[in-house]
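Some notes on the structure that comes next.
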Amino acid sequence: MEVIHCENVTKLQGKAKALDQLSFSIKENTITGLIGRNGAGKTTLLKILGGLWRETSGEVKVLSRRPFNSLYVSENSIYIDDAFHFPSHLNLKEILREGERFYPNWNRTLAERLFDYFEFHPKQTHANLSKGKRSTFNMIIGLASRCKVTLYDEPTAGMDRAVRKEMYRVLLKDYLEYPRTIIISSHYLEELEDLLEDVLLLDNGKKVLHLPMDELKEFAVGLTGRSEVLLQWLRGKTILHQQNAGPNELYAVVKKEDISLPEAQRLGMTISPVSSSDVCVYITDRGQGGIDRVFR
Amino acid sequence: MSFAELGKAVRKQFFYKFKLFFGLFYSLVITQAIAIVFSFNGTGSISSGQIGQIHFYSADIVLVFTFGWAFISALQLTTKPFRDNEYLFVFNRLSSHLSNLLFLLALSFIGGLSAYLSGYLLKVAVYMFFDFQLIGTNDITSPAVVVAGIITIVLYIWMFASLGYMVGSLVQFQKVFAILIPSIIIGCLILVALSESEAIIRIGKFYFFESSFLLVFIKTTATVCLCFLISAVSTNHLEVRK
Amino acid sequence: MIVVSVIVYLLIFIVIFAAAFALNKLQAKGGFIKALFFSYAGLLIISSVVYFVLPLEQAEKAAIKSDGPSLYHYFETGQTDKIDPAFIKKQWDFTYEGKELLLIDNHNNLPMTYVEKSAEENLLEITYYEKPTYIDGYNISAYTEGPNITLSADSLMIADYWNEEHAIFKPEFPFRQFSDIRLMPDEWGHGEDIIHIRISEDIQLQYEEWQNIYLMGE
């Protein structure tokens, strides 16, 4: 069953298109990673899905309803980001209590256990938390609410590595126990690899890729070989990324389906796997050469 | 969206707002305290050589200040920081407006009741701490009039609150209202001051000189409904947590 | 004038509402707000209870007594003995042995004062007549003391009672709206008041031109 369905969704912000004719759909009970560079439209998309913002055109359906102004979607979805500010005079325990009042599937035990595990003090206020602690607390809200659609926008911002890992483990465990549809946008794709089932890659408000994680891992290969041979052989094929790997040596990343690996081996090239996060970076590169081009 | 669902969300938001906007009670106390101090010289007074001075005490100033408090507080409900806090949990715009309508009514009830009782505080303070010869009181003896008066106070405050809510919503809708509305209000006040503009005085009389309780009730609630309708229409497309 | 007062009120309003605005935003501690609010509520309730046990008098609309001719009429015609003694509010009897007496008042605000010369020696007799002033149905004169007159070595001091302050408690305007009670009377009738000084012929009374003083029989 499709829980989220977008068709030709465009969002204008001023004259700029934050989302541009975006179409995709997400099945029930999956964890999707929303990947993209800064300004790719990740936050815009999540806020539209959460019903906070309104799409300019196109059709958005969450749980078969248009999310904007839908009470049903609001009750069954939650959008968590690092600007998730709570009223400053409510302490953390009171915020949890409010969450419990609002969300029908709220899991109090989980909320309290996580609250204690991450050493929050009940009387603390949200505003006084450090950035990482605040993100942790927001994630606890997102986990405990157990909404059918849970949208995390950079949920781990400011967390240290250890907490990030723990948080992802919690997320996975709770997901297994109580399956739901989760979208996570993050910069750190490597850490998410084991968690995600699908990846939706955005660039400039457009969909670039929407693949299962396993396919993304196999999406591209890196080839290292003598420059002339490599360039000759790759003529006419899309080179996702290339850089010098030594004197007369070139490293190039290409789509796996474009080439034949045995042939590459035969030509004496070294074949290396390309991590999914590198793939995402290469695909959304602003032209060949990346930032180095600025200094050329 | 069923009616029951909406009702449930409105109820939850209503109680949430009490926790969220608890600071409003702080400004209520401060506003009324200042108004009571302003009232110590009497709401009106007359004097002559033969009789000395006579001060007439009532909590009129407290009421007027409470109107202002309601206006400002309601206006603030529509501003970004307040709205962002409000829209953290389950909401849609309709449920938000409805819960605001009820929340402002509850605020008006608290503000109105305390403004009414502050009249007694004022009078007891004057009696105990002022060296005035007390001539007498003009208490309302008819319980019906007392009840009607208290309800009227609440309705007036609610009306000012919904006016503030409408102004705030219009400003959220189009920033130009942020300049337009204060200009209109100040312009009107100057107009009243300079030429005692008939039209504006008539508006005042329309609401505040009405001696029929039923008509007061109809006029104020109709105004409230109109204000909320305008607010709902103007913010229907408003995005939150920008 | 009205422009100034409107501007002043406007300024006060702006200041207060700016303060209210700031206070609303102030991240005051929830506990403090609760304490403040509930103590205010408690104070309100206590004072309402206290108000109803205070020995307060309800206003009773007294019929305004306007019987008889004006007090001035009696003085102008010299028939002071015919004035209803009920209108005598205060009387002073002094014996003064000097030859000259200076009349002083404290606010240039003497009531109409009639001086009557008498053949008796060392006489200084002062009577204050008052027909009551009614405001809002109250006989205000019942609450006023009348002037204070004191004799010193060579002067007679008539202190008016401008400084007396009175209070009337009124209901708030939404209550007045539904009843015939008003905050302030639109107009009120001043009762007449007259000071009558009887003084020996041989005492020279000195006073200023602008003091409201008339010699009887002249």
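Going in written order, the chains are labelled A, B and C, and every chain counts its residues from 1.
In the analysis below, contacts are C-beta pairs under 8 Å (C-beta built on N, C-alpha and C of every residue); 3 or more make two chains touch, one makes a residue touch a chain.
Note that the coordinates shown come from a computational prediction; the quantities given were computed from them, not determined experimentally.
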Taking the mean of all protein C-alpha atoms as the centre, the chain whose own C-alpha mean lies closest is B
Look at the interfaces A-B and B-C and say which one is made up of more C-beta pairs in contact.
B-C
Mean-CA-position distance for chain C and chain A (Å)
82
Roughly how far is chain A from chain B, going centre to centre by Cα mean, in whole Å?
47
Separation of chain B from chain C, taking each centre as the mean of its C-alpha atoms, in whole Å
37
Where in chain C do residues touch two or more other chains at once?
27-28, 30, 33
Could you list the positions in chain A whose residues touch two or more of the other chains?
89-90
Sites on chain B at which at least two other chains make contact
22-23
Contacting residues of chain A [partner chain B, same complex]
47, 51-54, 69-72, 74-75, 83-87, 89-90, 94, 98-99, 101-103
Flag every residue of chain B that touches chain C in the complex, lowest number first.
21-34, 38, 42-44, 46-60, 63, 65, 68-69, 72-73, 76, 81, 114-121, 123-127, 130-142, 145-146, 148-150, 152-153, 156, 186, 189-190, 192-194, 208-211, 213, 216
Which positions of chain C touch chain B when the two form their complex?
2-3, 6-7, 10, 12-13, 16-17, 19-21, 23-28, 30, 33-34, 36-37, 40-41, 43-45, 47-48, 50-51, 54, 56-59, 107, 109, 111, 130, 133, 135-136, 138, 140-141, 143-144, 160-175, 177-179, 181, 183-185, 188, 190-191, 193
Of chain B, residues touching chain A in the complex:
1, 5-6, 9, 12, 15-16, 19-20, 22-23, 84-85, 87-95, 236-237, 239-242
